[in-house]
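Here come two complexes built around subunit A, the first alongside subunit B, the second alongside subunit C.
What follows is the complex of A and B.
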């Protein structure tokens, strides 16, 4: 045995990528596994399965096997006039609801940010629609729009069948969409407004800025990150809307309110073309991600 | 050690989760073990108060009398039964006995989810129901064989519910089951009743397809034709156009039909009907029940037979009871169906739903021909029912919702001409049907 062999070796410096780090990484992954397994099983798994189905001719039937059909569903989708019509309606609905919702919510948030009497009560009332399930909201608005017994016609003294009229059905459901989604947008914007430092307002007031300049030069720029986040989320929520419109019109009259998700639902559960419906889902997901990605990228770039 | 424990927990969780996922099969009806009663699930779509009571009462009666075959009543809804069955069939958890209607059976039969009852129906039940009704549940199994995929038990015909006061004031001939109005007389009567902001008639056309296709048979309109090679295509010729044109004329030429009712569901115009906004409401016979329950005190109404074209024929669809292909106890299910749909019980169910029984024994029940609440007219109208031609068309449901519903809604709303409507029904319709004939 040599002296050098018995001499204790100097301790190795511990690096992030060293043995200790790897062990911690392993431990971290192992500890995360119990949470990851359900996510993989119930979210990622079905998602991947759905993407796989999109490239097959899967139908709800026992009488035939499922075959891989490559891009056949993509070709069918591009040539499907109903798909394009539904896509167009979806965009009109999502953009209109998101923009109107934002404008209305901003107005309401600014109002609720003032030192009003009964401000607390007003804030609670403003979020009431948030607490209501979409089905209840749909049924309630159906009664409002009812041609004979509806409050709207009785107030206006008209005889209009709002939800069955080819020109009015989409605007009518857009109003409901705005009403339904406004509370969460209001709450987020109100939180944003309350985090704007008061010193900024005081500074521009010293410069003699009026209300409009205060809003334009302080409030809006300060709210920008919140606005980007909430409008992006609203857009995604709105384009994925299903329950509310299903209860109100089920896509009618004549397909005038058939949103993308209603269209995909009908293909899957009504006509039982699971493969094609999955392709519709994949297509809508890609479109949403693309629009959202572009929007976020632009906003982030501007913010820098 | 901690790592090993975490792995063990994960593995257990994964196993538990997998076991839960695979547990779906355990929900299926299973063959009973010796000494244990057979358990059946019965999905019922009854929704009217009296009908619900009748259904539950019959299940209870059966369970008391048959301790070896116990039936669990499962409440379903017409609104979402298709979604429910598509998912349950795909997951292998469908109920043993399924209440539905004959147009829905065609697809499920072709997809192999329903049991063919052709050689299993007891002779007594088979002979009590006329062949015309059995034809409404006879479909292709998707492999070219014809089978019977449900027991038909309730049918609906179209009648006209009329405000008696307005009808009497108009001094028009009152139609009877033996001498119904012709479509010309119907239109004239509606015109006479149109005055002072009131309309003669209202056509609730939120779901216009079944109604117009069934009435189109008045003039022999069938909307579909099958060539020698077995290929089915859409046809909109002079016979098919008759009823479409006449309803449209009432709306936009005579202006005797209330346009506000167009987008409404069948029962939606009732409040306006009670107020006298219009005098005549062409609807299915079942709507009488709601009029009886909801009409304000003193409101007088009568049931008139549907109008007559070249014939009084109307397309018939049936409510049905079927057995799931996956049922582990099909024989027990059929025994239950035979009891549930015997003549006496069908009369109960028909009265509960205000529909027409297919059972000849039930139709002979005096309560089915009483003048009270228009039962005499309703039952007589059942004689005009023939199998709706669209029942046998593969892809009809998609044609109906994607093509025919929007096109007919647009046509009745006066947004497109009859020629445009016919062209769309045929061109777009044939593309849809091709999807099912590949």
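What follows is the complex of A and C.
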């Protein structure tokens, strides 16, 4: 921003095609309009309306008087044990999936960056989860975990109903979360690895640095911006996860895998508390903004 | 051998990534009798393709696949049609709108959906679009649009404005310059965006879940989830077969963009 402001402006590049700035402006708006209308009407508008709804007692029922209730939904949310339990589950889920996903992806990216045989097989496989519809991923893992027809029990010689077990359901879906999200993180990290300048490695090779030293002193610091970016995004995506877990467990057993968005969905479309569920949305929007704000703040600090 | 640990690790990854896929395939090839037996095995005893034809025979599934196809075709074409001029404007006239649009792409990727979906549901209810396919098309277009826009404006930017100007100087009108010079160069980008929008719509579950509550209008992802009924294991074979078939469009898309994926250009592009 400041760079463009201080640079001496070239002589009127904007009117190059003739017609003056206002005509160009009008042209731009005409071209943007068809895209702008649906976005404003069906996403920006509803988003703002949703924030408003959070401060009302709105229910799903039509033509019912809705009244402004101020911060009542906030108090109710903070006093709701079910909310706190889903918040806790959401954090456990999101942190574990993000961390495991990152570690697994980093390992895979490092392997794929070497000149190994069968690398191609792993490369193709690493993209497949990304290409699958989330619903199909959920159903596929349900087949793996199936108590009678599933392969997992037969391989381990166990007789466990994985997705219905109070203590095993959450770890079981975390594995699925890692499997699902790992490819994308791998691709991003691999791109990061490939952009590390080769000269840096050559320089330490002269010093006779071992593999680990090279990894700790060069690869990791060079990758840091990419790592911070992808883990922040992964965390946010994971905490907003819905479809995959809805298919796998629908939040059960006994709410043990009820992630925040599953909780919000139930409040809205099962118990019909539109206002209350919107407040939940606002709360999580704040969490998301905080994480992204932290990320942007760090980026700015580093840029200085 | 020095590289042995690396190969062992690579093998572990391949096993972890592949085993659920292999199991899905194996289940899809098993007979109902075998499904009912205890101690399932990796290799089907009598492999059969009957599950695939059974899945096609299911009224629900075929209808749902057709509805998904209709919704995805309409969504993707409308998305590209309205984002093309906007992408052109974004790429050629740098302005504040540009930055706002990019910001919106990011916001739309990370926002808790519940905040949008409730009011959106209310709006669609007022417009009598709940439980209708046009309602879902409207939503899919709206939510694919930001990313499609971003994708397309990158392609427009890759076409040098000088080319366009040169054509104009040669006496071609502005519109003709666009049609005869820019359009052919944009074609691959348009196809990629079209495919991306198609897949987004074909795979989409959440909005469909809220908007389509009547089983008669449900799309494929919704119908697949409802598929396993009280009959239990006997229907798992056809379910696996149908799931595999539902993945085909995405696999085609990813096969096409594989090369770009590798170079990391599409990094962070498709939400998991």
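Heads up, the rule we're going with is that the second predicted complex is superposed on the first by the 250 of 304 C-alpha atoms of A that agree within 3 Å, B and C clash if a C-alpha of one lies under 4 Å from a C-alpha of the other, contacts with A are read in each partner's own complex, and residues count from 1 in each chain.
One rule holds for everything that comes next: contacts are C-beta pairs under 8 Å (C-beta built on N, C-alpha and C of every residue); 3 or more make two chains touch, one makes a residue touch a chain.
The structure displayed is predicted, hence computed values, not measured ones.
Looking at the shared chain after the overlay, A:123 reaches subunit C, while subunit B stays out of its contact range.
By the document's definition of touching, of the two partners only subunit B reaches A:82; subunit C does not.
Once chain A of one complex is fitted onto chain A of the other, the partner contacts of A:261 are limited to subunit C, with no touch recorded for subunit B. Using the contact criterion defined above for the overlaid structures, shared-chain residue A:233 touches subunit C, although it does not reach subunit B.
By the touch criterion defined above, A:166 lies against subunit B but remains apart from subunit C after alignment on the C-alpha atoms of chain A.
Counting the residues of subunit A that each partner touches, subunit B and subunit C differ, and the larger count belongs to C. When the two structures are aligned on the shared chain, A:245 is found in touch with neither subunit B nor subunit C. Residue contacts after overlaying the shared chain place A:272 against subunit B, while subunit C stays out of touching range.
In the overlay built on the shared chain, the residue A:180 is in contact with subunit C alone; subunit B does not reach it.
By the touch criterion stated above, A:154 is placed in contact with subunit C alone, subunit B being left untouched.
Subunit A residues in contact with subunit B (one complex) as well as with subunit C (other complex) are 27, 30-31, 34, 38, 41, 62, 146, 148-149, 269. Those residues of subunit B lying in contact with subunit A across their complex are 2-3, 6-7, 9-10, 13-14, 17-18, 21, 82-83, 86-87, 89-90, 107, 110-113, 142-143, 206, 260-264, 268-269, 271-272, 277, 325, 397-398, 401-402, 405-407, 409-410, 413, 415, 435.
Residues 17, 24-25, 27-28, 30-32, 34-36, 38-39, 41-47, 49-51, 53, 62, 104, 107-108, 111, 114, 116-119, 121-123, 125-136, 138-141, 143-144, 146, 148-151, 154, 179-182, 184, 187-188, 190-192, 194, 230, 233, 236-237, 240, 242-243, 246-247, 260-261, 264-265, 268-269, 274, 277-278, 280-282, 284-285, 288, 292 of subunit A are the ones touching subunit C in the complex. By the touch criterion given at the top, residues 26-27, 30-31, 33-34, 37-38, 41, 59-63, 82, 146-149, 159-161, 163-166, 252-255, 266, 269-273 of subunit A touch subunit B in their complex. Per the touch definition, subunit C reaches subunit A in the complex via residues 3, 6-7, 9-10, 13-14, 16-21, 23-24, 26-27, 35, 38-42, 81-83, 85-86, 88-90, 93, 95, 97, 104, 108-120, 122-123, 125, 138-139, 141-143, 145-146, 149, 165, 202-203, 205-206, 209-210, 221, 224-225, 233, 236, 239-240, 243-244, 246-247, 250-251, 253-254, 258, 261-264, 266-268, 270-272.
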